[in-house]
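Below you will find the structure I want to go over with you.
Note that the chains are named A, B, C, D, E and F in the order they appear, and that numbering of residues resets to 1 at the start of each chain.
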Amino acid sequence: MKLRLGLPKGSLQEATFQLFKQAGFELTVRSRSYFPSVNDPELEVVLMRAQEIPRYVHEGVLDAGLSGLDWILENEADVVEVADLVYAKSTPNPIRLVIAVANDSNIKSVSDLNGKRIATELVRVTQKFLRENGVNAYVEYSYGATEVKVPHLVDAIADITETGSSLKANNLRVIATILESTTKLHANKESWNDPWKREKLQNLAVLLQGALRARARVGLKMNVPGDRLDTILAILPAMKQPTISQLVNSDWVAVEVILEERQVRDLIPALKRAGAHDIIEYPLTKVIP
Amino acid sequence: MKLRLGLPKGSLQEATFQLFKQAGFELTVRSRSYFPSVNDPELEVVLMRAQEIPRYVHEGVLDAGLSGLDWILENEADVVEVADLVYAKSTPNPIRLVIAVANDSNIKSVSDLNGKRIATELVRVTQKFLRENGVNAYVEYSYGATEVKVPHLVDAIADITETGSSLKANNLRVIATILESTTKLHANKESWNDPWKREKLQNLAVLLQGALRARARVGLKMNVPGDRLDTILAILPAMKQPTISQLVNSDWVAVEVILEERQVRDLIPALKRAGAHDIIEYPLTKVIP
Amino acid sequence: MKLRLGLPKGSLQEATFQLFKQAGFELTVRSRSYFPSVNDPELEVVLMRAQEIPRYVHEGVLDAGLSGLDWILENEADVVEVADLVYAKSTPNPIRLVIAVANDSNIKSVSDLNGKRIATELVRVTQKFLRENGVNAYVEYSYGATEVKVPHLVDAIADITETGSSLKANNLRVIATILESTTKLHANKESWNDPWKREKLQNLAVLLQGALRARARVGLKMNVPGDRLDTILAILPAMKQPTISQLVNSDWVAVEVILEERQVRDLIPALKRAGAHDIIEYPLTKVIP
Amino acid sequence: MKLRLGLPKGSLQEATFQLFKQAGFELTVRSRSYFPSVNDPELEVVLMRAQEIPRYVHEGVLDAGLSGLDWILENEADVVEVADLVYAKSTPNPIRLVIAVANDSNIKSVSDLNGKRIATELVRVTQKFLRENGVNAYVEYSYGATEVKVPHLVDAIADITETGSSLKANNLRVIATILESTTKLHANKESWNDPWKREKLQNLAVLLQGALRARARVGLKMNVPGDRLDTILAILPAMKQPTISQLVNSDWVAVEVILEERQVRDLIPALKRAGAHDIIEYPLTKVIP
Amino acid sequence: MKLRLGLPKGSLQEATFQLFKQAGFELTVRSRSYFPSVNDPELEVVLMRAQEIPRYVHEGVLDAGLSGLDWILENEADVVEVADLVYAKSTPNPIRLVIAVANDSNIKSVSDLNGKRIATELVRVTQKFLRENGVNAYVEYSYGATEVKVPHLVDAIADITETGSSLKANNLRVIATILESTTKLHANKESWNDPWKREKLQNLAVLLQGALRARARVGLKMNVPGDRLDTILAILPAMKQPTISQLVNSDWVAVEVILEERQVRDLIPALKRAGAHDIIEYPLTKVIP
Amino acid sequence: MKLRLGLPKGSLQEATFQLFKQAGFELTVRSRSYFPSVNDPELEVVLMRAQEIPRYVHEGVLDAGLSGLDWILENEADVVEVADLVYAKSTPNPIRLVIAVANDSNIKSVSDLNGKRIATELVRVTQKFLRENGVNAYVEYSYGATEVKVPHLVDAIADITETGSSLKANNLRVIATILESTTKLHANKESWNDPWKREKLQNLAVLLQGALRARARVGLKMNVPGDRLDTILAILPAMKQPTISQLVNSDWVAVEVILEERQVRDLIPALKRAGAHDIIEYPLTKVIP
């Protein structure tokens, strides 16, 4: 039995392959092929444009796939969300689908869009949003380079943005956010009802999320004199249960803890001052709570 | 006054810029910009996806543009064809939009497509063709990589092909040709009725076509003894009027002629045998008949 | 005293340097040089074509080298195999030297090769194989691109293949396997009899194999309630002795185990279900059993 | 409050960013920008030519910066050295500023430079050195490619060298060493007197040095039968305090130690012979003693 | 006898080599060398930073060199200008050295610079300009990236600009132009007084300028019926003397003329309308009036 | 009927394709293919290692091919030389096969090679040369990087050199030249006896040599007052017959001549001084005398 999985071709492909490799699945593909081989005989992978994956998952051509919430909605795909996966982005901010106009446009809010022309790659999501806001506008499909179409070709655009820097570079001003989007491991409904496929998907989710969690975390080990242990433990984040083991023939203990990487820059100097010795930090591949 | 011209962004861009440079128009653009500068104050150029240019020409946002006949038809754009331009292709064959199925499919002809699913980037052109052939099929928009969708995702595709080699590499078989397509310089109807814009467009057509014609031609000069002139002229292609000038203080004449490059490989050995001396071939930038 | 070691120049070089770096030996070489510097004063490294290394090891110009079994045999080199090293390949399948013919050739088996012409980079190995099979054929040295020579230039080829995909792409059919080959750390016989050199080579083998073993393995740590320990241990592969340590002031134990990476995808979900907490996976650089 | 930090633009930039990432600070910068963003709201980073950083630190435009001792001296910058950082070099040798002449020059020692012309990027440091040696020579500023100016343009050069290979390739001979230089984290004097900034700088130094220390070290774990422990401990470097923990229900102990990577190649074979089992080596990200 | 010529290393090198190739001098250089070989035994070429060439020409180490007027002035080099060469620029505008401040600075004119700090690569030229304008400011040498130093590090900069786009991208405003600069072939005064060297330099100037002139010009040939000749000649630019030759046995004439390329786009359509046939345009390598 | 032609794959391929394009034959090949398509239905082209082409021409598998004289001799191929083609080299010197030893070797002449070991890619040619010189040495086949084998692996090498710079960089000294080699268009003897194939080959030779001749030549045109014509003609190289035509209604004549490019740098200044006006130089594609 095999699980048929659609993964995004193109700009996300390398990041996706790296995530799967870290999760334990090695994908290899020849340059122009769309059918990678994978070192798990229970998986069959197809590369596709992210835009199309939810449609084919919905229709059952694929058991499951990775794509953004934006494209799941645009395809009106009725699928099961198995896991939320945040990767391959340059900031921790979510990706947003926003409506933007020229800086000097007199369109100030969504209601000003009545009767205007809007270019977007996500026509249906945009139309639905406008309808819900009681706005009647002409929404046209944009094949790309959407952000340069204002103001010469259209009055406004609905476009994906992460940091807003491309919008700023094109002198655009955001007037509304249609939705926030992250990558979803999503499944076909029938496939989800198959027990073998559901367990396979749940295991996949555990491994992928374990890999992502490990990216923002590090392992920390240190040796602590017995009488400094309480001080040290007080410094460590409360919710983390450190692993403490007694050293042989000694009144020192070894303390080991998993931390978020961004805490380390404050903790290491503090631990050192509090009497910890031989602090080492080591990298992690997976973290499962 | 300015003529607003849409040129294709992407894979055709470099070839288009080279053609315009040869025609006398130097376009320069910074890497992420869509608004090249051009050394002709009467032109304003916008880079766009070729798919969208006919739509914006039709609507009058652009006065004119370069795009394929396929996309003019897909956009149902009612525009004026100013010139046919054949460039940036690896063979002299026209580009074709064909319907293809898996080699081992039992779909043999268009009529077998009834009730089938077809993926294509050119949905309307394909639907129109099927309708005209009395076929009722489901045509879905493909965001790319169309040729790998058969047979897993769809039964057939309608895709652009030049040499057929990508179809062959994907084990596909052509069952019908929907249309042949070349690049067209096409104009908005109102712009065409403006005398200044029409003359500007006609001049542009002369220069672009003069540049393309020069690519397949070379200049040939040779010195010929007076008594061999008739023999030499008999060898040269009949329709070409060579330029003959008498040399000073000599009974030799200089013969100069413009030829198609592919004739040269047979003519040069023949001319040499017939008594021509000092044959030189030189490159051309434009040829206007 | 120094050990003189030949390493393969060219396509294997980067992978070899990475393996040595992981094993603890940093090699640096300027772009056109063949004499890398190495951070071990007891080693002297020469880069060479893999084809030539066994010959120079055999002759004692080098104490030892890395090359494939195929080239050791082709050079008829009488050397000591110190270690088998599997690296720098895209699949876990061994590399094979096979005899292949055109798909539509009427050569079906080795005996059909009588009187035929065969191109190969490994002339002697091929001749020996044919002789042992009672076949009399003309074997010619091929400087490269061997797989395109059938059927225009020769009747069959003897060529190296890993996945068979290049053979398939050239419409070739395998009719026999001459040998399977892996990379060997091999030594000159006299050098091997020198105690200092032998120990240096054995240590090198331990480190290189420890590095390779680590590539397919990961470290796994988890915290386990005392009463779940037996369940957890039952899930872990039997032959692996996990390291179990008691946590201070707690009835939990820490379990640590080294596993093959390909087992992890099944074990992690199972361990979690069985009550393990805070499972972390971390990367390894060397594993010595 | 923010600490304003100058980092070197150019050839050192990537290595610097990698070091900071390992230390826990992620810097991202768009291709032509000089103001990277950093995931620490207490830091403000500016990219600059290494030559200029000490000047701006001295003047208080920056609180601190990274630059070589050579440029601190050339700028006559009166700054506080916070930490010595050795990174981004191909060898462990220090970088030296040397005076070099043509191989066949009759300049043999510093005193022979009297009345000669010397090209260098470090004019003041060179002038000071000559003055201290009682030599009167003409020192001119070199914009680059200093090593090819001898002998046609100048008599000698004062240039930075690491391995000496570029000097050798240009047929130059070193006659004196002006100074040895490493990268310094250095601070403005007033900033150093501010308690918040001083602590921030000290923490930064701990993390950067912890990252650098980790690059040359590895973690080693092994299981040891109780009766072999003393033998094993005798093999391990004396100054390192290994972490020893008793295994549950067993008379084995787990021994864990942090070692310099260059010791490993001798220790692993020795430990194995002495009875250690399941030796694993794992990578480290930070080591704080 | 040889002429020793300094050519700019770096960003201008490729353009300079192309210009010399077109002028008839083929320069070849191995990647890290500064001494190209040239196919003229009378030339000896040295590659150098453009900043240093005028200094070495002034001092007689070189007979002549190519560098900008800006660097000739900065070096206070007393040299002979042999030829003005405009090449390797993206626009026909001259390069300018300008003083720029932040857009929102309250420095509005040169006189506002009193007491301010200015960064520049051309310290002496800037100081001289300020002195002549009665301004007393602190001018500091900038090693690069000058345009990002305003406003954090300095109050103003003096920097080279061609299109002004880098200044605009850094939100800078030009308040004064110090000088306009083009590339000069300049000679040492003594070398210029040597008759052989002077003639060599004059010939070099003719060839380099002939090559540059040819870049903006094309050759045009056409056949014209005798009775249309006057009309055609009236269309052609007055100052150009066309070459007219009578065709054999015909009342047509061949007209040939050299034109500036930018005239061609208007002339070709006009000539065609006026009765010219077989118009061809061909490229030129040198044009000497 | 088709002529089957072998062209060199690899480093010479691009230069060969450019030469054929200039000669009028456009070759296109997909990245991994060995069978280019060509716009001449009478040609069938195969790409091969240059080393193997003469063997397959000799055996009649190919009608003709391009390869060096060195490989024709090494293959002991009995073929017809159709044309000598000098292209794709960085200098006008011929390529030479030389015997080289270490600079400090005491091998001074060929006779000192008795009993020595020599590595070379051209074993037979080298053996024949040694035999003819009465020397008995061991010649071994080198798979590449031959020049670094001296002195550690062999006593001498026989290697191809063009400028000698690689030999110099490896501290080698040339003691003998075995042969000089250029690229030959060579034909199978039977193919040459076929009249159609012989004419096709002769035409090909005319076009290829015409293209090569054009690379070193330019066209020069100028206008000359009638009374200066003799002076001008006296300056032009004697053997070249210039084309002189009388200008209409004028006492000026137009002079046109084909020159070697290396003459132009002296002639243009001289012609200008002698009264020529409007001198233009234009590029050539073919020159057939």
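The rule is simple: a residue touches a chain if its C-beta (ideal position, glycine included) is under 8 Å from a C-beta of that chain, and two chains touch if they have at least 3 such contacts.
Each chain and its UniProt protein: A, B, C, D, E, F = ATP phosphoribosyltransferase.
Quantities reported herein were computed from a predicted structural model and do not represent experimental measurements.
Common neighbours of chain A and chain E, listed by label, are B, D.
Counted as hops between touching chains, the shortest connection from chain C to chain E is 2.
Fitting chain A to chain C on CA positions gives a rotation angle of 120°, reported to the nearest 5.
Looking at which positions face the partner, chain A and chain D present mostly different ones, since fewer than half of the interface numbers are shared. When the contact pairs of C-D are set against those of A-B, A-C or D-E, over half line up by residue number only for A-C.
Distance from the chain B centre to the chain E centre is 37 Å, each centre being the mean of its Cα atoms.
Computed centre separation for the pair chain A/chain F is 58 angstrom, with centres defined by C-alpha atoms. Within chain F, residues 245-246, 282-283 each touch two or more of the remaining chains.
Looking at which chains touch one another, you get A-B, A-C, A-D, B-E, B-F, C-D, C-F, D-E, E-F.
Chain F makes touch with chain B in their complex at residues 23-25, 28, 30, 39-40, 202-203, 206-207, 210, 214, 219, 241, 243-246, 253, 256, 258, 282-289. Chain C makes touch with chain F in their complex at residues 9, 32, 34-35, 46-49, 51-52, 56, 61, 142-145, 148, 152-153, 169. Put simply, chain A touches chain D in their complex at residues 90, 165, 218, 221, 223, 245-250, 254, 261-262, 264-266, 268-269, 272, 277-283.
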